[in-house]
Each structure stands twice: as structure tokens, then as C-alpha cells.
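Input: structures, listed below.
Presented sequentially are two complexes of subunit A, the first with subunit B as partner and the second with subunit C.
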Partner chain A sequence: MRLAYYPGCTMKTDAKNFDESTYSAAEALGIELLEPTRWNCCGTVHALAKDNVMNYLAPIRNLIRVEQMNEAELVDDKRVVTQCAMCYNTLKRANADAKADPDKMGKIRDFMEKEPNYQGSVNVVHMLELIKGLGWEEVKSKVVKPLDGLKVSPYYGCLLLRPREYGIDDPDHPTVMEDLFEALGAEVVDNPYKAKCCGAYHAVHLKEVAADLSYRILRQAQEAGADIIVTACPLCQFNLGDRQNEIKKHQREFEGIPVVYYTQLMALAFGKEGTGFEQNIPDPVPVLEEKGLL
Partner chain B sequence: MSNGTSELYFTFRPENAALKAKIEELSGENIDLCFQCGACSSSCPLTSEMDLLPSTVIRYAQLGMEEVLESKTPWICITCFNCEIRCPRGIDIANVMEAIREMVLRTKYDKFTLDELTPEELRELPQIALISNQRKLTA
Partner chain C sequence: MGENESEMVTIHVMGKKHEVPADLTIMKAMEYAGHQFRRGAGCRGGYCGACAAMYRVKGSYKLEGALACQKIVEDGMYIAQIPFSPAEKITYDLSELKPDANTFLEYYPEISRCLSCNTCTKACPQDIEVMDYVQASLRGDVEGAARLSFDCIGCGLCAVRCPAEIVPYNVGQLARRLNSRYVIGPTEHVLKRVGEVEAGEFDADIDELKRSDRKTLQKRYESREVKL
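Entry: the complex of A and B
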């Protein structure tokens, strides 16, 4: 299966480990991911003000690239696979809104007169939806190193699940990550804060507020006995992982807990190189070694 | 109502119609659907940082009160959409918050600029944080 893959900016810098492990996990599942030759910013946040058409240009331009890849027969269909939760949400919503509103689509086409018209034929999917579509038995059949004894706490965050009509799973009771980790042989630990906000971009100017929100999520996972927390978004990963030093300044008794991307655990269970664990903060290697997985 | 605050809370002044209409136009939401159940406020993870509860912002918006433009709440709202999936009246509250932010930003106001960060802070932050922050908080 050859599919278009839109990585997004942070996957090529602070979240290289997410990008690298995405390729490793996809390869094990027989999926070839191809990036458009010229992709640009997804827009990062969806324009919620009704008169804001400008913010649609970046996401729609990326979708035009996907239509071009399909026309050139570089990929099998008109799906584009995303990983970063913010890219997923922004591309998905811009696509849906532009398709539903001919006036908006017309303005977008007029503004980008040098581009081919966007036909509205692309389907934006998240990697987790794609994996679920393969079936958990198929995933299980690729496991060479089951994650035995590893207690995993999935963290979904906001934009994979909300708003409801654009989410990849039931926003109240998501199960896709739970099902995945069970297929990989891990023990899933539930966290009632798994879909609560990590603080997102408040990390920039309201550091303490973001740290406080993230701490609640981390503490709940620890109290449930988790060894490791799993994310699907570079900004969640930053707030929950990299910012643990900031959290420790306010929560003296907090000892830290490793946070990894879900594809890193997939690559590990599939016995692939390119897990990218060396980039994670805090270091997940000690707990994985302790469980005999590394 | 004998008390001034309560009177404010229940009386629509015709001169406030323009502000209310602008919020409805920008958000695309029919804010009169709100009957003040408070589900948005109880599901919001950030109310402890707000000066007005999300449901109070909606009430003030129904009344077209200028106080919504001065409130901290729309800037604290991080569009996590928890309120949206809970609202029994189907109001996309995050859209209303965005409309209020936009009305302020369009007066050439920046809530926060990256000049306020140290070079170390700038280096530490991933692009996804910086760009989403600036998209929401600058004109």
C-alpha cells in the first residue's frame, strides 16, 4: 500500500523520533509512506472565525499536492495520512469546510490562481485510523517482541477526538490506542485524564498553567501504576515529557515518568530499528530495559 | 431585581445589539440557544485562570455587553473543545471565544509576542507551540 503522508513541521525537528518511528512502524505493516515533494505549514490551528478564509490557504495547498501525487500515480488513492494531532485536525477541518461551502472554495481557488483548482477529493486520515482499519489481528501478527509486563497509559489529548465530527474515535470513551497496545502485548492502564488538555500553546506564555494541567495527567497515570505514558502529538509530548523539569519546580515530590509516541512502542514491538528513544525527555530506556524490552 | 449586578445580568439594552450581532456573525453561532446550564463551565479545564466562566461569557455575549472584550477568559480558552462536545444546545463555544479574540486582535492588538521570550526559551519551544500561540494571540 502506497499512501501520501503529510508530516508537518515539528516532525522534522523536535519530533524526529515520532517521524522516524512512523516510518518504521508503517514499513512493518507493509505501508509505504510518501511525502509530497513540496509541503508547507498545515496552518496549525483551524480558523474558527467564519470570515477567515486566509487560514485555509495553507492546508488546502497541501491537499492540492496530494491530488497531484494521485494524478501522477505515485500513490494508490486519495488519502493523506497524518500523525501530529494538530496537523490532522487542521487539514481535516479545512478540507470539510471548503468542500461544504462553494463560496469559500471559490475564494480559495481565486486566491491561489497559480495552483491547480482543489477538487475536494482528498480524504484526511490519521495513522491510528489506518492501523485500526488493518485489523488488530494483522497488527498482532507483526509483533516479534511483545510488550509483556509494560504498563502503558494512553494519552489522547484534544484534537484527535474533538470536535466530535472530526475525531478519530468516541470522544467520551476512546479505545483505539487501548486496542493497539493490547495487540502489542502491553498492559493498558486507564487514565481518566486521557482526553484532558495538556496546556497546548500556553506552554509559550503561561508556562505554569500548562505545567499544572500536564501534571494532573502525569500524576493520574502514575497513581494508576503506569510505567510509561503514550502520546500522539508533538505538543502533548513536549508538555508532558520535556516540560517535566518545569513541573518538578512546582511539585517537589514528583519523580517523573517516561513519555513516548505510540509509534515508538510499535517499532519496538515489531523489532524494527528507528525507535528514536534517544530523543525522548525523560529517558524511557531505563524502564524499557528493566522490563527486558531493550 | 433590586441588586445592580443582577439587573445587568437580565436586561438587554438595545444599544448593545451591534456587538451581539458581530459576535454571532464571526462565530457563526446562535448564542441565544444558551439557557445557562453551565455544562461548558463545568467541563472547562481552565476556569481557575479565568475572570468570567465560559457560560458567563456566553450570557454577556447574549446581552452584547462590552465586558466580554475586556475579559481574560477568551485568552485563557485554549480551544480544547471539551465544552463543545458537552453543550446540550449545540453551541460551539470555542467559536464564540475565537470571535471575541478576533474582535480584539483586529484592533491591531497583540496579546503576546515572541519578543517577550528569552533566546533560551525560544530555542527550547517546538515550532508547533510557537506557531499555534502566535496564530491565536497576534493580530
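Entry: the complex of A and C
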């Protein structure tokens, strides 16, 4: 299966380990991901301002390029796979808004002028939806190194689940990552804070707010006995992982817990190179070695 | 150039109306109308980027950009020259930079304001995918930004049009410098030639040229080997 893949800027900078492990995991599942030769910013949540057509240009242009890839028969269908939760949410919502509102679509076309028109034919999907669609038995069949004895606590954050109509799963009781990690042979640990806010962009201006919110999530996972937390969003990964040194300044008894992207553990379970663990903070390797997985 | 009325068109230069021959470029038409260029004219061949101009054509809302030495006038054109686009000249030591996204963001943080509206691309007289190279810079794709911006002549029209107030041509120049130094790296033939120059292999030839009189220099110039 060959599909268009929209990476987004973070996957090429701070989340290279997410990007790399995405390709590793996809390859094991027989999915070939193909980036558009040219792509621009997803638009981030600017597109939430529904009355400003300018903010729709970025996401819609990316969808136009997916249509072009499809016309050139470079990919199998008109789906575009996303991985970064921000990119997923923005592309998904911009796509739905533009399709639902002919007036808005008209304004977008008027502004873009000589650029090709968006036909509204693209379907934005998240990698987790794609994997779920393959079936958990299929995923299980690719596992060469089951994550035996590893207690994994999935964390979803906000942008994958909300608003409800665009979420990849039930925003109150998401299970897709739980199902995935059961298929990979891990022991899934529930965290009641798995869909609570990590602090998001407060990481920039109000570090202590993000540190406090992230700490609660990490604590809950630890109290539930987790060895490791998995995320599906570069910003969550940053707040929960990279920011643990900041958290330790406020919470002196906190000892830290590894946080990795879900695809990194998939790549590991599928026996693939390109897990990207060297980029993670804190280092997940000691825990994975202790469990005999590395 | 005939003065035949049927070959004349009306243009407005900075709001003043002129009748000019229809087959002139904006630059020549302005000179025909009495303007003298002290700035805003360079190679007159479309290579140097000094002669950016903006115009509207009668009946169209569109604000267009062009190189004055390349664009032929149209009847009813309203023309203004943009001899310089105000932009801060940032200085940096290339040897201390890293070829990544943070370097672009450190020196040109306004690139994070890019809306992907593509107005810069539409303004470019070189048909460069300007927005795409700004976006490539944002994600640290130095090679891509350098490649996409390669034909930039720094006319400044993209910077004048950008609603996010980015100065794309400076970003492209930084990309090409980073690409040359860190991605491509020094090339063998240049290093070899620099070595030859430093070893004094051409000193005798240069001295001979310096001692030559004008007539000899002219003769040598005219009989030089020209490769087209």
C-alpha cells in the first residue's frame, strides 16, 4: 500500500525520532509512505479562526498537493496520512470546514488564483487510524520481539481526540493505543489523565504551568506502575519528556520516567532499525534493556 | 523607433501621464519620458535585480511586480519603481553557524509568521517558488531552500508583498551560504586553484597585465577566447 504522508515541520526537526520510527513501523506493516515533493506548514491551529480565510491557505494547499500526487498516480488513493497531532487536527478540520462551506471554498480558490483548485477529495487520516484499519491480528503477525513484561501507559493529549467530531477515538475513553500495545505484547497500564492537557504552548511562556500539568500525568502513570509512557504528539512528548528536568526543579522527589513515541516501540517490536531512541529525553534505553528488549 | 501615434501607449509614472512607444520596457519608457536613473537600474539584462517595479494595468485590481528592464509597457499601466526594499542587514559569521532550522529562526525569526499564502511566489519576477523555500528553511531543509532559491536576484518584490513582513531573499541567501559551506562543502577544483594562486603561479601573468598599456590590453581583450 502506497500512501501520501504529510510529515509537518516538527517531524523534520525536534521529532526526527517520531518521523524515523514512523517509516520503520510503516515499512514493517507493508505501508509505503510518500511525502509530497513540496509541502508547507500545516497551518497549526491558526485554522481554528474560522472567519479568516487566509489561515486556510496553508492546510488546503497541502491537500491540493495530495490531490496532485493522486492524479500523477504516485499513491494508491486520496488519503493523506498524518502523524503529528497538530498537523492531523489542523488538516482534518480545515478539510472538513472547506468541504462543508462552498462560500469559504470559493474564497480560498479566489485567493489562490493561479494555483490549482482544491477539489475537496482528500481524506485526512491519522497513522493510528490506518493501523487500526489493518486489524490487530495483522499487527500481531508482524511482531518479532513482543514487548513482554513492559508496562506501557498510553497518553493521548488533546488534539487527537478533540473536538469530538474530528477525533480519532472516543475523547472520554480512547482505546486505540491500548489495543495497539496489547497487540504488541505489552502490559497496558491505564492512566486516568491520558486525555488531560499536557500544558501545550504554556511550555514557552509559562513553563511552570506546563511542568505542573505534565507532572500530574507522569505521576499518575508511575502510580499505576508504568515503566514507560507512549505519546503520539511532538508537543506532548516535549512537555512530558524533555521537560522532566524542569519538573524535577519543582518536584524534588520525582525520579523521572521514560516517554517515547508509540511508533518507536512499534519499530522495536517489529525488529526494525530506526527506532530513534537516542533522541529521547530521558533516555529510555536502560528500562528497555532491563526488560530484555534491547 | 518610430513616433507613429498608432505605436504609442499611455502610461502613468508615479501618477504622471506619459505617451511612450508601445514596444519599450518600463525602464526605457521611463527614460523616454525624461527620467534619469541614479538608482533602480543595473545590468539592464534581467540579471542583477536592481530595477524592481510595481504596476497596475487599467481595469485590473491586481498589483503586479516586474523587473523594469524586462517588462514591456502596456496601455494604461500605473508604474512605481521600488529601487530598494527596506530590510535589516544581518551580519553573521558563517563559520559559527549550524545548518539547521534554528539558525534561520535565530536570524530571521519572522519566518515563523509565514501564513503560506504564496503571495511572495506570485510577486517573484524569476518564477521562484519563494514560499516553498521559506517553508523549507523553517524545517531546516537547507539543501531544499538553497536549491529552490537559487535563481533569486534579490530584487526585493517578495519582501515588499509579504503580509508577514518576512524578507525572503535574505533567508534564501542564508540558505545558499549554509548549503555551500556545510552541505556541499568546499569543492576540489576551487581549493586547487586557490592553492595555485597562493603559490604565486599567476603572479608573472598579473604583473605583465599591470605593465601593459591600454592598446595592448584592448587588443588582448578583443582577441580573447569567448565560449558561449
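Note that in this section the second predicted complex is superposed on the first by the 290 of 294 C-alpha atoms of A that agree within 3 Å, B and C clash if a C-alpha of one lies under 4 Å from a C-alpha of the other, contacts with A are read in each partner's own complex, and residues count from 1 in each chain.
Operating definition for what follows: a contact is a pair of C-beta atoms (placed from the backbone, for glycine too) under 8 Å apart; a residue touches a chain by one contact, two chains touch by 3 or more.
Just so it is clear, the model here is predicted, and its values are computed rather than measured.
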Subunit B versus subunit C as contact partner of A:Cys9, first or second or both or neither: both
Which superposed partner A:Gln251 touches (first subunit B, second subunit C, both, neither): neither
Touched partner set for A:Gln68, first subunit B, second subunit C, both or neither: neither
Partner chain in contact with A:Pro234 - subunit B first, subunit C second, else both or neither: first
Partner chain(s) touched by A:Glu115 [first = subunit B, second = subunit C, both, neither]: second
Touched partner set for A:Gly199, first subunit B, second subunit C, both or neither: first
Which superposed partner A:Val209 touches (first subunit B, second subunit C, both, neither): first
Which partner reaches more residues of subunit A (counting touched residues only), subunit B or subunit C: B
Common ground on subunit A, meaning residues reached by subunit C in one complex and by subunit B in the other: 9, 13, 41, 43, 55
Residues of subunit B touching subunit A in the complex: 25-28, 45-46, 49, 76, 78-82, 84-85, 92, 94-95, 98-99, 102, 112, 116-117, 124-133, 135-137
Complex contacts: residues of subunit A adjacent to subunit C: 9, 12-13, 38-41, 43, 46, 54-55, 57-58, 61, 111-115
List of subunit C residues in touch with subunit A within their complex: 100-101, 114-118, 122, 129, 131-132, 135, 138-141, 163
For the subunit A and subunit B complex, residues of the former touching the latter: 8-10, 13-15, 41, 43-45, 48-52, 55, 84, 86, 158-159, 162-164, 171-172, 196-197, 199-206, 209, 213, 234-235, 238, 242
